[in-house]
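In the two complexes below, chain A is the common chain; its partner is chain B in one and chain C in the other.
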Partner chain A sequence: MSLIRLWILFLLLFGMTTPLFSGEPQEQLQQTTDKVLAILSDPNLKSPEKAKERRELILRVVDERFDWEEMARRCLARHWVQRTPEEKREFIHLFKELLQQVYMDKVEAYSWNKIQYEGETIDGNYGTVKVKIFTSKEQPIRVEYRLLKKGPHWLVYDFSIEGISMVNNYRTQFNEIIVKSSYRELIKRLKTKVSQP
Partner chain B sequence: MEFGVGLFVIAGILCLGYLSIKLGRMEIFGGRGYEIYAIFSNTGGIKTGSTVVLAGVEVGRVKSISLENYQAKITLLLQPEVKIQEDAIASIKTKGLVGEKYIEITPGGSNEFIPPGGRIRETQPPVDLEDLISKILFEKI
Partner chain C sequence: MPIESKAELSDGIDTEEFNSGFEDRSKSDWMARSDGRMEFKGESEPSFPEEEVLEEKIRDPLEPLNRIFFHINDRLYFWVLKPVASGYQKVFSKEVRIGVSNFFSNIATPIRLVNCVLQANLKGAATEALRFLINTPFGLFGFLDPAQKEFGLEKREEDLGQTFGVWGFGPAFYLEWPILGSSNLRDTLGYIGDLFLDPITYLPSTPIRIGLKTYEKVNETSLRLGEYEDFKKVVLDPYIAKREAYHQNRKYKIKERK
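Right, the complex of A and B next:
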């Protein structure tokens, strides 16, 4: 009898502590990363004709985890409030295209050997997850994701590679262009950048 | 005669006191302004008294640096008229390649401002040039 009780206690304890080993932000981020890696390593999608399809599949997975609006808002910073809803929509779309263009090639080019999770922090609705990405190169790439909890989902609103924050980088660049010329000019430049092959 | 010498000495001591306070950037009556703090994974050698700039304009100074949970907690004393948005980013930068370190704040777009005693959540530690150079070198090979 007492053995059964002990067993139940053990099950209860074990069941309760398992999610604590890696918290929600990391768990959700890991799910997304695993899905992307699965697509990247799928032999059926490796051929050049399938490149477009593969890209779309990856994008769909990434879409679930990335909060594009929050990212765009933080990158435009002070200039975001002055935009009309129409302009905001246009900007989010362009910004998303820009990030895809900049990072997709890298994601596809690297051979992903291993992703090591280096710990996470949770502070209210905000969380960070640190990872080390081991590629074929000797040195791993340090990436830190910053996530915001919206409902049950933890969504990425910024990430830094080797300590350099994506939002901070674009915030400085966008601000410079807007202050020097205008918001229209920024949109023009983004459009040309995005339309480049 | 003796009275004149005494006066001279006292004047000299006052001048010395004034100089040391000015040069040491100390504040006698506690600085004007309000404090906020930020947690950095690495200070990169920033010191008490280092400047805090926004758009290149000095808006405050580093008041204290302490260790908290194996991370650096940097307290900033900001001018009272400078309001920092809740999504602003604080990053540690270097003047030139080997110059002194300072903290730069990139203003955010949020409607909420950080209250006195609050925290800048978004921080960016200094970029380790040596580290980056070694990475680039390794990539080349």
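Right, the complex of A and C next:
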């Protein structure tokens, strides 16, 4: 058995690339996830009557790191430039509501056992951070965050789960709806989604 | 859910149509980045990294038919699979169901191992071989996964569709199969090829083969109840969202092999 262990140790070392230091994007993202995890594990916020307060606390932390406008803009892509400032504001609001509704449920439901940072890339104002999230389920989930530097802050404008980019996926859906029906129809559908949890 | 009747018989990757809004920008607005990607540096709008603007979309010439099968699969899930899997879930504990899932996965080792070899991924092949050699005798014929738990040997989810992808074949076009779900032409051929590597295929009786496959599907579903429902909550067009998610995930799996 010890021979097998040695063999495996070799395989593991072979495949390991540990970053020696972490740069700004990862550092800032890690601050955010650490804060969220701290809120989630806070025993004072565990009771059902504190659920709303807890959710608001998490949302505030996430808000600091997520660039909703950038996300919304990229999801609308070429249709964005045709929108009036009011339409843009309305769209950003609806889009944010939709994402929060869904992902907050996920964040609260999962038992986050561990988040492992798997490396980052920086290219000018663009950065990516790869993480592996270990939940109670068997296989870890691989997530890649895409960040854009605005002033001193690195802000998330997209993330992909197992290679499925949130922005890309919504952009294709939004584009088809606008092309096949209209922008109005898209807003109508978004409003229906957001109003029925 | 309405089935869209308008067929989009595009005969190519329709990124051109998709990006037509960017055409008016002069070439000088695009700057090459160090990694070879192009980035928009124009004044009118902030920059888009190139891969997001020119993302390759999957062709879907059979969309009307695919949407019908999608609708059938959707009903099959809610009317048949979900009730059966929910009942099953109530009878057997999660540990048992994960054990069953591991057992089927262990039996299917030849698929993953051979595909690792075909992809010249010898480390992956060695990992799969070791996993089988550890889990079969020490993990109750694969019900348990000591290879992962004690040695950190993660399963390599490789299949022939991915192997074809590694060899340079594209997905051709999207397909939604009844019962089997999302696929494309390349992955469908891969699926058929993988059947030859699946030990269950070599069982002598057809009812037993179908019965085992059905049981495996029910067991897997019992571990993922609620996921499809959640997915439908967050998307505006579940057909398109599923198609794009499948396409992106497959590309990712082909690229990320190690």
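Keep in mind that, in the parts below, the second predicted complex is superposed on the first by the 177 of 197 C-alpha atoms of A that agree within 3 Å, B and C clash if a C-alpha of one lies under 4 Å from a C-alpha of the other, contacts with A are read in each partner's own complex, and residues count from 1 in each chain.
We take it that a residue touches a chain if its C-beta (ideal position, glycine included) is under 8 Å from a C-beta of that chain, and two chains touch if they have at least 3 such contacts.
Everything numeric here is computed off the predicted structure, so don't read it as measured data.
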- Task: Give one word, clash or fit, describing how chain B and chain C relate on chain A after superposing.
- Result: clash
- Considering only the touch criterion stated at the top, classify A:168 as touching first (chain B), second (chain C), both, or neither. both
- Just chain B (first), just chain C (second), both, or neither: which does A:176 touch? second
- Query: Does the superposition put A:76 against chain B (first), chain C (second), both, or neither?
  - Reply: first
- Item | Which partner reaches more residues of chain A (counting touched residues only), chain B or chain C | C
- Message: Output check: A:65 vs chain B and chain C. Expected answer is one of first, second, both, neither. What do you get?
- Response: neither
- Message: Touch test for A:98: chain B only (first), chain C only (second), both, or neither?
- Response: second
- Message: Per the contact definition in the header, classify A:189: touching chain B only (first), chain C only (second), both, or neither.
- Response: second
- Item | When the two complexes are fitted on chain A, the stretch of chain C hitting chain B, from 111-119, 147-155, 183-191 or 201-209 | 183-191
- Message: Give me the intersection of chain A's contacts with chain B and its contacts with chain C, in residue numbers.
- Response: 74, 77-79, 81, 123, 126, 138-139, 158, 160, 162-165, 167-168, 171-172, 175
- Residues on chain A engaged by chain B in the complex (per definition of touch): 73-74, 76-81, 123, 126, 137-139, 146, 158, 160, 162-165, 167-168, 171-172, 175
- So, in the complex, the side of chain A touching chain C is made of residues 4-5, 7-8, 11-12, 14-15, 70, 74, 77-79, 81, 98-99, 101-102, 105-106, 123-126, 138-139, 142, 158, 160, 162-165, 167-169, 171-177, 180, 186, 189-190, 193, 197
- In their complex, what parts of chain C are in touch with chain A? 4, 6, 18-22, 33-35, 39, 44-49, 52-53, 55, 57, 98, 101, 123, 126-127, 130, 134, 145, 151-155, 230, 233-237, 240-241, 244-245, 248-249, 251-253, 255-256, 258
- Item | chain A partner contacts - residues on chain B that touch it in the complex | 85, 87, 89, 91, 106-109, 111, 121-122, 124-128, 131-132, 134-135, 138-139
